[in-house]
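Take this structure, written in structure tokens, and hold onto it; I'll ask about it next.
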Amino acid sequence: MSFKRSSIIENLRKTQMLDLLSKQKRLDGRALNEYRPITIRLNPIQKANGSAEVSIGDTKVIAGVKVETGEPFPDTPQQGLLIVNAEFLPLSSAMIEPGPPDEDSIEVSRVVDRGIRESQMLNLKELVIEPGKLVYCVFVDIDILNIDGNLFDAAFIAAVLSIATAKYDKKIVNEGKEEITKTPLPLRLIPVSVTSITIGDNILLDPTEEEDSVHDSRMTITFDEEGHLCAGQKGGSVGLSVEQLFKIVDLSKPKAEEIRALIKKVISNAYP
Amino acid sequence: MSFKRSSIIENLRKTQMLDLLSKQKRLDGRALNEYRPITIRLNPIQKANGSAEVSIGDTKVIAGVKVETGEPFPDTPQQGLLIVNAEFLPLSSAMIEPGPPDEDSIEVSRVVDRGIRESQMLNLKELVIEPGKLVYCVFVDIDILNIDGNLFDAAFIAAVLSIATAKYDKKIVNEGKEEITKTPLPLRLIPVSVTSITIGDNILLDPTEEEDSVHDSRMTITFDEEGHLCAGQKGGSVGLSVEQLFKIVDLSKPKAEEIRALIKKVISNAYP
Amino acid sequence: MSFKRSSIIENLRKTQMLDLLSKQKRLDGRALNEYRPITIRLNPIQKANGSAEVSIGDTKVIAGVKVETGEPFPDTPQQGLLIVNAEFLPLSSAMIEPGPPDEDSIEVSRVVDRGIRESQMLNLKELVIEPGKLVYCVFVDIDILNIDGNLFDAAFIAAVLSIATAKYDKKIVNEGKEEITKTPLPLRLIPVSVTSITIGDNILLDPTEEEDSVHDSRMTITFDEEGHLCAGQKGGSVGLSVEQLFKIVDLSKPKAEEIRALIKKVISNAYP
Amino acid sequence: MIKLIDENGLRLDGRRFDELRPVKIEVGVIKNANGSAYIEHGKNKIVAAVYGPREVHPKHLLIPDRAIVRCRYHMSPFSTEERKPPQPTRREIEISLVLRRAMECVLFLEEYPRSIIDVYVEVLQSDGGSRCASITAISAALADSGISMKDLIVGCASGKADGQIILDLSDIEDKEGEGDMPVAYMPNLDKITLLQFDGIFSEEEFKKALDLAIMGNKKIYEVLRKALMEKYFKTEEK
Amino acid sequence: MIKLIDENGLRLDGRRFDELRPVKIEVGVIKNANGSAYIEHGKNKIVAAVYGPREVHPKHLLIPDRAIVRCRYHMSPFSTEERKPPQPTRREIEISLVLRRAMECVLFLEEYPRSIIDVYVEVLQSDGGSRCASITAISAALADSGISMKDLIVGCASGKADGQIILDLSDIEDKEGEGDMPVAYMPNLDKITLLQFDGIFSEEEFKKALDLAIMGNKKIYEVLRKALMEKYFKTEEK
Amino acid sequence: MIKLIDENGLRLDGRRFDELRPVKIEVGVIKNANGSAYIEHGKNKIVAAVYGPREVHPKHLLIPDRAIVRCRYHMSPFSTEERKPPQPTRREIEISLVLRRAMECVLFLEEYPRSIIDVYVEVLQSDGGSRCASITAISAALADSGISMKDLIVGCASGKADGQIILDLSDIEDKEGEGDMPVAYMPNLDKITLLQFDGIFSEEEFKKALDLAIMGNKKIYEVLRKALMEKYFKTEEK
């Protein structure tokens, strides 16, 4: 959130936080590179083609996938569409007002979109019905239900899970007859994003809202299954040194593997 | 209107009103179940397919019907379209600001729409040119010109009259040649809505703005020609007992008959 | 600009200005019918089909033409489209806020549009590909970069130059083969607009922002190549006498000729 | 090409070149407004209403030593041949602006410091010259509201059709003709408060058209004066 | 035409005419809110949250002697058969309005002068009767927030299908049936706080439908009471 | 598939992997602004202007002990291959956000309590790397305005094409290549103030790309410094 804050209060809170951090402690007792528990509820919305509710600590989001048909973009006639849209529901925090998407929700939408798109999670080329005319559109809508930091990762996991478990009505012409079969989306891999913040020299993974409100920098990095970096987004109004950045990459990569293992377990439990 | 009022002033006004009502009197001398005079001007707008200006006391509205062609909704390929839109013109009251329709004008639009649609006043199935492709769209636009309470009924009468007297350019293919004939819309019946408010135990029909501003509940009921209830909308921020509600129905029904007789007389005078 | 000003300050500034004007002097030393220097940079935007940056004194605008294909308007199936859009960029003045076009930018757009359209500068009938179905659309977008009065003329010259020098991809079917040739737009003539203001009895051509802020009336007149008046727009909140108006026409006409000569020289220098 | 003037010099609706369409003005038609008027000018049917001078919200918009004027010209969806969607078009926004300026020419804004005057115009049915008819209606509504005015304003267009300068263009003359020149005018101060034109006018034609429009305006002024007098006498009788 | 009630008087989902769909209520689901609740009513899945009473911005909206209530009913894009674009529709705006009024019936607004109470409803999955389920959820969220209330409110529709009056319409019964009547009700005060209907009801059918809806509401009230009690006891145990 | 690098290691426009496009910076181009600059970076043509520090409206937005920064990145309709409608896209809103954050890294906001600094960027012609060129222009405009800064900022992307890490991607390299990494950098403080990337980078490639981008940034810094010096000397001569 870009809440307008007095720097006095901000600085006070930061000083306290730094005190703790100097002892490598966080307010909630976590290690600096420790995530809060991740809770997943698969397929809560039966009317969606796929859906998932994901909590990271007290942050809670729900994502739903709808697959519809439509026209492709003129410059990609041979590809289906992926459209990601995150909404900060006003019920998620006292700071959120109803209204059209603001810069913060647009940032979440676009960072999640790039992570999914650039990792090539989905083979959009398989979602073409008639090239240049009719393709499948994968709408991924993400509702932010409760805000307590690290919306990027919660939204990302929810989006990935709802895509990975979605089934859509695929029209197939079989011996002249049109058949509709429930078909999974054409997946290639499971990407994972990991978000951290810096406060002074410290790097904290999975920040709470309180921690996030005094961050110097924030960094979200998406990794594909081979450990490649697929998308990245720096936040925050303090510069980052190259060394810090490399350290963030080193910390984030193994965490991405852990989260991916969790995601895959959830999927294989549900669809053995 | 949902004007934000101090409850002190509101309560004062209400006390005065209740005093009067205890003697079964209203500020303007009417009986509780009495309407103000209804004045009707048929067809004031020659460029519309049908139009009517309706005043109830100092409340004045004008409705105009435009019939155009367009695509049907995907879920009703065999039906023409009815689109009702009410605008609270800023010239109608010191309290109205220019801008896109607010909740109050949307409520009027939707209540009028439901009354016309649910009573099956119009046979939308006769407004199809080519099923699923091309149908007639009946746009009913209602301008609120002056506000003095009971906009629902004024808007409803104006809408009904402008539809009932509208003539549109119907394309008919006759022996291979396309002919255009001025044709009335396919009417089935004349619905009527009746609005009342409760203040304490009293039920007042056709409230003025002053009365409306202290109502407990408001109730608009639409009746078809057989006395069936076709649509209803409760307003107000005070609960209504079942007994009160039944009493409102009993009071509204004969009033609906009176108004229907008036409407029919106006129509038959104009189109004998 | 329609800045809300105190009439005290406005009147003070006006008094000073009138003092000077009584000696037939202006703040920047110009004669009353004298323009500031006009500076032109042709074709600064290579991605546009045509473009021009025009400065009149410290007023600076840039116009770009894009020619695309689209559907004609239903009432002019045999004509291409001309769409003019002026934006007061927020970087152009401390008084401009970002947001959708306000009344001032809409006025500039529409006055420029009428001047071009009514003078019949462009032969829109030659921009038809398939009557009623597909035509060329000439988008003229004008960015106001710095505001120091007389935006109308600066915008008009920039628009005219970017249209006059634009080349678009014209599809021609030649012996069955489709060829695309870079083609100039079908020009008929070069129109010119001249803007003046009145302060008391004085007529000042090409007002600066400071002068414009105390004008009584403003008048923009567009002339075609034969000296016909093609479009006019009065501004200001003070009435104008018929005599003053005729005097403005008499002063504007020769100035239009001068500006036209300059425009034509720039074009012929660039495209000899 | 449609012929707009026949061999006898008569226009499609039978008028001569310098003839007005019928004009009818009624004052005080919107009960809630501080002033209001209804005009029929040709097929134009237009209501104008004035609210104010009243308090300014939000406060930072107020001007300490004079009133702000706001004007909204709006066309009803059923006012045109094809249904017009309710949201304001660029044309409506521009006309709102030129009407506001025309109004500001006659108002003593200094008499109403820190306040706002809202003027709303609704075109119920449109015809050629709706902005001119609107300014006449506004002027009547302002007079009805009792706000201090330097003069009345009336509006009437002239234009060009089949090479002739004609008065008070109808819809079809506006669309098919060669020029249109809406003019608003203060008859006692003899000043033009609104002027726009488009088409192709020689200098001579321009001057002739302007003179003709002013002549038309003077006739409309008589209609307006009569409507106000009538309302005034009626008020007296009460 | 779809047959909605079979020869045994059973509906498509096996219910009798006076049978409710399953209702499940959970209180306190949104950590940041002052009060919140989640309801499943048939296939409806709805979250409601309350923020406030809190300060009013901008200031000129505040009312000196009571609270303002704002309500936003919104459907998630994935909540419907076809994806619903996120911007609010006219239907959502109207439902927001009738829900706000229903709420105002139970709140002691005078206890919170100069403040605002914001109520947000998000429909995660929609089914017939979503506005009724919403008011139940709102009522639970308000109770959870500790704001003073005169009573609880519950919501349940009745309607008409195949000529019969039935309780608690599902999506298909709403769409294909002959009438729908959403009702919200204060069980202790025995008052109706929300009533809308459309369809074709004889006077007798109307009365029957209203009685049936109130009967349904009383059952839902038991579910709501239980959910609140459970939450209450849990809190005690802490 | 387009081949972006030929057998001699040259790119489509003839550059080597570590070569910048031509960069030209002019300071003080918008007379009315408190500071402004124009940059040409490849085919990018971008104007940036600073207004402020100035008063905050509406008042409730102000922060008592520091300045607010607002930034608007906007592309002109004629700046792109296909005409871009004037209303801001989601992409433009996101870039505005990341540019604002980059700026906040260098500004002494505490020196301007209760005030606002508005920064407007207009892309007159776009090419690959427009957000990087924008931050350079902003930095020049801020310097021109005299607002206190901790350092300058410059921007330059690196990326990946035909498997190679390359500097300063053009439009086609951005679209057809395998990765893009816009970086903004404070050369004296040696800190990154903006970083985004997308594509597929191994860890090694990522590090290489970041180093290359910083190298490019240092070269752009020299151009910026020169432009500012030139302006500075010119001012001295007056």
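Each chain gets a letter, A, B, C, D, E and F, in the order it is written, and its residues are counted from 1.
Going forward, a residue touches a chain if its C-beta (ideal position, glycine included) is under 8 Å from a C-beta of that chain, and two chains touch if they have at least 3 such contacts.
Just so it is clear, the structure is predicted and the values come from calculations on it, not from any experiment.
The minimum number of touch steps separating chain B from chain C is 2. When every chain is reduced to the mean of its CA atoms, the largest separation from chain D belongs to A.
Annotation: 51 Å between the Cα-based centres of chain E and chain F. Mean C-alpha positions place chain B and chain D at a centre distance of 32 Å.
Between the Cα centres of chain A and chain D there is a gap of 58 Å. Among the residues of chain C, those touching two or more other chains are numbered 101.
Within chain E, residues 58 each touch two or more of the remaining chains.
Residues 30-33, 36, 43, 45, 47-49, 51, 54, 72, 74, 76-83, 86-87, 118, 120-122, 124-126 of chain D are the ones that touch chain B when the two sit in their complex. Of all the residues in chain D, the ones that touch chain C in their complex are 61, 63-66, 68, 90-91, 93-94, 96-98, 101, 104-105, 109-110, 181, 186, 189-203, 206-207, 210-211, 214.
On the side of chain C, the complex with chain F involves touching residues 44-48, 51, 58, 60, 62, 64-66, 68, 85, 87, 89-94, 98, 100-101, 139, 141, 143, 145-148. Those residues of chain B that touch chain E in the complex are listed here as 2, 4-8, 101, 103-104, 106-107, 109-110, 114, 117-120, 219, 224, 227-242, 245-246, 249, 253.
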